[in-house]
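Presented sequentially are two complexes of chain A, the first with chain B as partner and the second with chain C.
Right after this comes the complex of A and B.
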């Protein structure tokens, strides 16, 4: 479904991604793990066209998307729930969700589906997004991402800064999405949780993919255990 | 103490002057909110609005309040062109480029207008110019009441557009978080053009109302443009309610100042007001803390 081929990305004079290759198949949950500053968010933003690769290609559903503008990539069926959530603070929950469905023609049905996943949002749809707690904002951000009915949903650090209860809720949602066949790319520092819900994972270190494999293998990997799981 | 009727009269004058500021400032804020660009040539756009209305009126003789909407469309399209082929080209290349582009536009538009239409003083004659609402001691010209009514109508339409339509919502989203709007699938380039078009159309309405109420020439926009900036800074950069309150406030303060202290203080008092507000609340009345 999504394929990175020898992608290089620079920010000014600094190269952030080096010859990155990876693939996501239909219905898979994929995790990219790695330390802070490894370039995980850059991968997410590059998929969305917010960064342009200096070389290499990104293919989505057989289409080259690395040359497309962001709004076109969204239309093609990818949604990013960005790190830090980036909600519209002076808009209500409902308006944020409507923005999520900006490119979609089936707003009503999608809204029903999203409210089933996040009943709290339905109760409080007139509240301003800026006045919600961090955990609720993360739920809204995921819900907003789903409103475009994406074929691929990218979650960038969805558990960052959340209480343990909310972290569990986030991964609960990922599991539900998995059971409904939504393809998800998880970019996470909460490695244990992330690998538990995903099929496969990639380890990104200083801009390079250094390790890849089935999630269960990565959880057992010596390097991953030492460097990321503190074992 | 002045008579109450005189005070009411000054109040109405203040409100009409305020309406022109409000239309100018709301337009400027639309553009700033969505693009984070300050268009110093906003006063010259207003002047083009006045001239567009003047010439259409001159050749057709139809009611200038109807012409106002034609002028809004024409100047709105002009605004879109300026964005597309002017500001878009320098967007993100540094604030200085945007500032100089808009400063350059002031002189290009102003000088070209003088060249084409001379700097003679002109006026649009409203069919209601000799009609007044007679309330015993109090006389209010219909034109001032119509100006207030049209301003309210335009602002209400803008409010409905921004809150009730998909495109309006996308505009607000872009002004609140530009990158997030892109991630929702909004083509922000379209939003830039639209904000410039709407902002310029509002300036054209302000220019037409001003040209009906007072004589004008190609230099009319200079001080109006500066006042519009004063208003958005008093009201809080990017805040539309702030621009409305501050615009009306400035119109009233100026007109009462003229009455009590004389016309020479008219423009100075605007900056006194600005300084007072900035001392008390540095972000402006409705500005957000950053």
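Right after this comes the complex of A and C.
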């Protein structure tokens, strides 16, 4: 479904991603893990067309998307729930969700589906997004991402700064999405949880993919255990 | 159905709530005999249209500092056409379309600029337009050719246009006729802005204004929607200008003046930027204050007072008068035992 081939990305003179290669198949949950500053968010933003690779190609459903503008990539079926959530704080929950459905023609059914996943949002639809708690905002951010009916949903550190209960809730949602056949790219610091719900994972260190494999293998990997799980 | 229920029903339905205002607007010329006062009200209707046009562009996060350019283009294009024989309807629509076309062109220059530069470019453009109109023989000939003797800065005798331009002119037709023309044009403008703001296009405008990157990540084509905002806004400005020139029976490069660029800004900010009612309330209050000061014998010093009002508002009423009005309406509906529901404004 999504394929990175030798992707290099730089901020000005500083190169951040080095020959990154990875692939996501239909229906898979993929996790990218890595230390702070490794370039995980950069990968997510590059997929969305916010950064253009200096070389390499990104293919989505057989289409080269690294040259497409962001709004086109969204139309093609990718949604990013950004790190730090970035909602429209001065709009209500409902308005945020409607914004998410900008490219979609089946607003009503999608809204029903999203409210089934997040019943709390339905109760609170008139509340301003900026006045919600961090956990609630994360739920809204995910819900808003789903409103475009994406084929691929990218979650950038969705559990960041959440209470354990909320973290569980986030991963439960990912599991439900998986059972419904939504493809998810998960960027996470919460490695244990993330690898448990995903099929495969990649380790990104200083802009390079250093390790990849089935999630169960990565969980058993000595380097992953030492560097990321503190074991 | 009890009275309470009736009131409740109509306080809930967005459009019905405006019915009393529309009725007042419709019967006003019957109730008022003073022609001067009617002229002031018609002028207010004009400013409501013009401010709504500025407001719509601001709604998409683009603040024009030279909106008079589009007002003037609409006014000049339509007047030139009509005095050269076009029917008033064709003239006015073509005037608005011309303003809109130029708006699109300017929008293309502006879309990639930060708000800052957008303001400067629009401001500069209005000034360039004054120079073009003053210097260009094409304009002067187009106007003079038809009139035979009147220069650009001269006043236009409405009788020259016979029945054509005359339809707007208070001296040629019953005053009610031009009152209603402006009234319905204003209603159409308000309705159109309402529908646009509540539509998918309006949502895209708001998203762009709030956060461009986020908007793009919602799939909003930023360039496209910024240009749409330019096209619609400048169309309305040109439309207002096309109606205004004959109403004023006067057309000169003053139409492009800084004063005319400034008016919709202070009116919209006074009423409440980004709301549908804002330009309405703002145009009403500022225009009445302006005219009242005129009756007191003030002239250019009125600008000074408006400047002070603007500064005070930005300091103390940054959201304009709308929030106050909403509060009063909510209080009234509470007293009447209605569930407090915001009137759609």
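Throughout what follows, the second predicted complex is superposed on the first by the 231 of 231 C-alpha atoms of A that agree within 3 Å, B and C clash if a C-alpha of one lies under 4 Å from a C-alpha of the other, contacts with A are read in each partner's own complex, and residues count from 1 in each chain.
Assume a contact is a pair of C-beta atoms (placed from the backbone, for glycine too) under 8 Å apart; a residue touches a chain by one contact, two chains touch by 3 or more.
Fair warning: this is a prediction, and the values are worked out from it, not measured in the lab.
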Joint occupancy of chain A by chain B and chain C, clash or fit: clash
Which of chain B and chain C A:190 touches, first, second, both or neither: neither
Which superposed partner A:148 touches (first chain B, second chain C, both, neither): both
Stretch in clash, chain C with chain B, out of 25-33, 97-105 or 331-339: 97-105
Chain B/chain C common contact set on chain A: 48, 50, 69-71, 74-75, 79-80, 82, 86-88, 90-91, 95, 98-100, 102-103, 144, 148
List of chain A residues in touch with chain C within their complex: 48, 50, 69-71, 74-75, 79-80, 82, 86-88, 90-91, 95, 98-100, 102-103, 144, 148
Footprint of chain A on chain B - complex, ascending: 166, 169-170, 172-173, 176-177, 179-188
Residues of chain C touching chain A in the complex: 200, 203-204, 206-207, 210-211, 213-222
Residues of chain A touching chain B in the complex: 48, 50, 69-71, 74-75, 79-80, 82, 86-91, 95, 98-100, 102-103, 144, 148
